[in-house]
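Each chain carries a letter (A, B, C and D) given by its place in the written order, and its residues are counted from 1.
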Amino acid sequence: MTIRVAVLGAAGRMGTTTAQAVRAAQGLELVAELDAGDDVTALAGVADVAVDFTVPTVTEGNVHALLDSGVHAVVGTTGWDDAALARVRTHLAQTPDLGVLVAPNFALSAVLAMRFAAIAAPLFASVEVVEMHHPRKVDAPSGTAVHTARGVAQARAAAGAPPMPDATELDPDGARGADVDGVHVHALRLEGLVAHEQVFLSNPGELLTIRTDSFDRSSFMPGVLLAIREIGTRPGLAVGLDAYLDL
Amino acid sequence: MTIRVAVLGAAGRMGTTTAQAVRAAQGLELVAELDAGDDVTALAGVADVAVDFTVPTVTEGNVHALLDSGVHAVVGTTGWDDAALARVRTHLAQTPDLGVLVAPNFALSAVLAMRFAAIAAPLFASVEVVEMHHPRKVDAPSGTAVHTARGVAQARAAAGAPPMPDATELDPDGARGADVDGVHVHALRLEGLVAHEQVFLSNPGELLTIRTDSFDRSSFMPGVLLAIREIGTRPGLAVGLDAYLDL
Amino acid sequence: MTIRVAVLGAAGRMGTTTAQAVRAAQGLELVAELDAGDDVTALAGVADVAVDFTVPTVTEGNVHALLDSGVHAVVGTTGWDDAALARVRTHLAQTPDLGVLVAPNFALSAVLAMRFAAIAAPLFASVEVVEMHHPRKVDAPSGTAVHTARGVAQARAAAGAPPMPDATELDPDGARGADVDGVHVHALRLEGLVAHEQVFLSNPGELLTIRTDSFDRSSFMPGVLLAIREIGTRPGLAVGLDAYLDL
Amino acid sequence: MTIRVAVLGAAGRMGTTTAQAVRAAQGLELVAELDAGDDVTALAGVADVAVDFTVPTVTEGNVHALLDSGVHAVVGTTGWDDAALARVRTHLAQTPDLGVLVAPNFALSAVLAMRFAAIAAPLFASVEVVEMHHPRKVDAPSGTAVHTARGVAQARAAAGAPPMPDATELDPDGARGADVDGVHVHALRLEGLVAHEQVFLSNPGELLTIRTDSFDRSSFMPGVLLAIREIGTRPGLAVGLDAYLDL
């Protein structure tokens, strides 16, 4: 059965790429492309799933309107805090058949790398994170790298892993990088790159490296399509694409 | 409570390294080092766990003698076939409190890499395996690489993943490497290396790389110690260290 | 002083990218974009340098017409054999101020990687080459990988380096890849990739890895711009961009 | 003709490894192993080349004694400053047939990586350095990484390369690492590793990575043996093994 898909924020870069990917995908039909000013409730009975790549100021309103209209919501827009997520959870209690996925990152390789790093973290003596991005990025380290480091730190704490060994006494210029919950994070800025991350995990005699390279926006599309196909069987609120990957 | 550990094959390279690691480990006590000719049943009431790094001709007999003596068995010796495993399973039915782990590879990074590759495989368009070993190795590709490729192939088949794209028409010298169940495997032989593997998984716009480097025998020890500590809570037969990692 | 640049094959993908890069570059002025049917000799007195990204059937004629018109020629078109190069060399003897550069690859990272591999090759016990390309490529291994392997083989032969150690006896499925003049070359085909190469050089206890990643056509532009700027000071025929890099 | 080799500091770790390597090498004969208290001048007429892996307090005295005894000196001991080097240069003026090589690093892969990075640096928009060492190291970044960054900075300054692009405004925890003469340097500390370095050089659309891994002390031996064999044809003072590599 074909899944009818609407794209919200269809004129933006992610929205445009999503609309193209939906058009090209088997079993999906692009039924609407909405932008600022368009009425989301018009999707009632027209779309099964809506993908929201809009802006932080309107995305929460969109999701509530979609739930009122009986449409599942796949959300890639940033800006969701715990209070906003709680309000969606409350709303979903009244629409038990509908699903909402709020995901900060749809790149499968990045999502898997974070998850694998957390799984492996308690089994290794040392873990460090290196992220590489284009030099127009204004903040360091990247949100993905911070998220990765926190996942590593939480997994180690839960398993009772000891602190990592580090005899550094002399580091006048800060070469050891940022300390995120006890995990060192390093940020490189390199012309021509897009978004890349390496996680190094080591024990005596062995090194495990998990590397992810995102070359362009198309890297998000396999994850977006997977979410569109899965959300009909995943009622309720999910945060993070890994919730749909059954890892 | 201290776990009392015996090492079988204690004069061999792996046995020697294991004995050292047990001596240095918190919560473990090395109570016996046995070699050819020593009586395994003497371990009854003396050892809680025995680690067998002997030879294919005696390892099965050792395991049955350990079970008769009430000792858990962690086995790193190769040469186990399905029939031998079945005989251990039968024996274990009579000693329901005891555990036997038969593991071809105790390097955590290698075990995790294989498992992660299998988990991720159905989510990517392309997967290839590159292994790198010292040039004294007589066979190619490595057993670990074949095992990795088969795990990838099985996971893709189970998920209904399509064949990987490959338009190669002209490859007169075999640069595309070995085809193992539809997964291409490449073997490098490089002086100074020990045992290394890379798995490449890619989609449009993204690449996930899982790399494992084993620099020396000490890389097996975290896995051996983990098995010694866990086996008391894992009655029955387990094959492969990943069974103890709850991935 | 501004360098006046013409692009031949301006409607093609490489020509279009080159025209954009010239327009954006400091000290360069795009004065002409020519395509099939346009008269190359019209560039006399108009352009200082012409960049030829046309097709094998017309590129040699273009170069001779450019020399007759007093214009330096930077050539990225393939299809040049020794006889064609000899004819250009003969022509250049009559125009001693003009330069011609015929280069199969303008990606600086790829050109440098090949050169560095050749410099380092005699100092290491083992050298192998791994190339990774998109799966629509019909031949394996890539021309760049073959070129790299041949450079390694020639440098080792010139230095009297011994054959590389390799005890492989059993390789039923060809995992060891292609043998190019004694250097093993491995080809991977991965969705989403463009053109990538790794050269591994090792000795007891050490490994040197040279890796080059080309993400898109823009990777050729720094090399093309460098050639445009240098050719005025490089009279005569040069083959390969490394001739201009003074390595 | 066999080269007669003496090792100074023969009881130390590097001295022991060197003596073994000399014994195993074709065309070399180990004629003396000296330690604290032994008379260096006794090597006159006995040794052709001496390798000094002693300590900073005695190495300069050793070199002058070797020159007085007509013996070439390959020096791996640290602690040489410009004044000490100048005194050796003055001494060498009186012994024009003798050579002295003072080298902080004999690992060929590390020496080549530094040199290649400097050659390539002016041709790329961005360059960053990542070093990885065992966690017992007390200083960060490593001397090799600082040396690499300085070589990159000098080469870029000499070529008039512009500053690297970097829009970072917000980096509260220092994830961007150390700034060494305008080149960012990142230090990782990982259990089980020895000495590793990666240099990343990028342009729009391309990335060149030069990586060097030293797994153990044996990685220095190919460089030491090369120096022993070459020093007879290299009269005068050389600083850094790259002086002998004719790069």
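For the reader, a short list of remarks on this structure follows.
Here is the rule we go by: a residue touches a chain if its C-beta (ideal position, glycine included) is under 8 Å from a C-beta of that chain, and two chains touch if they have at least 3 such contacts.
Which chain is which protein? Per UniProt: A, B, C, D = 4-hydroxy-tetrahydrodipicolinate reductase.
None of the values given here were measured: they were computed from a predicted structure.
Residue contact pairs shared with A-B exceed half only for one pair among C-D, A-D or A-C, and that pair is C-D.
With centres defined as mean CA coordinates, subunit C is found 45 Å away from subunit B. Remark: subunit B and subunit D have CA centroids separated by 39 Å (rounded to whole angstrom). Touching of two or more other chains is recorded for residues 124, 192, 203-207, 215, 218-219 of subunit A.
If each chain is drawn as a node and touching chains are joined, the picture has every node linked to every other.
On the side of subunit A, the complex with subunit B involves touching residues 107-110, 112-113, 116, 119-120, 123-124, 201, 203-222, 226, 245, 247. Within the complex formed with subunit A, the residues of subunit D that make contact are 124-126, 128, 130, 132, 135-141, 145, 164-171, 173-180, 184-193, 200, 202-207. Residue ranges on subunit A touching subunit C, taken from their complex, read 192, 215, 218-219.
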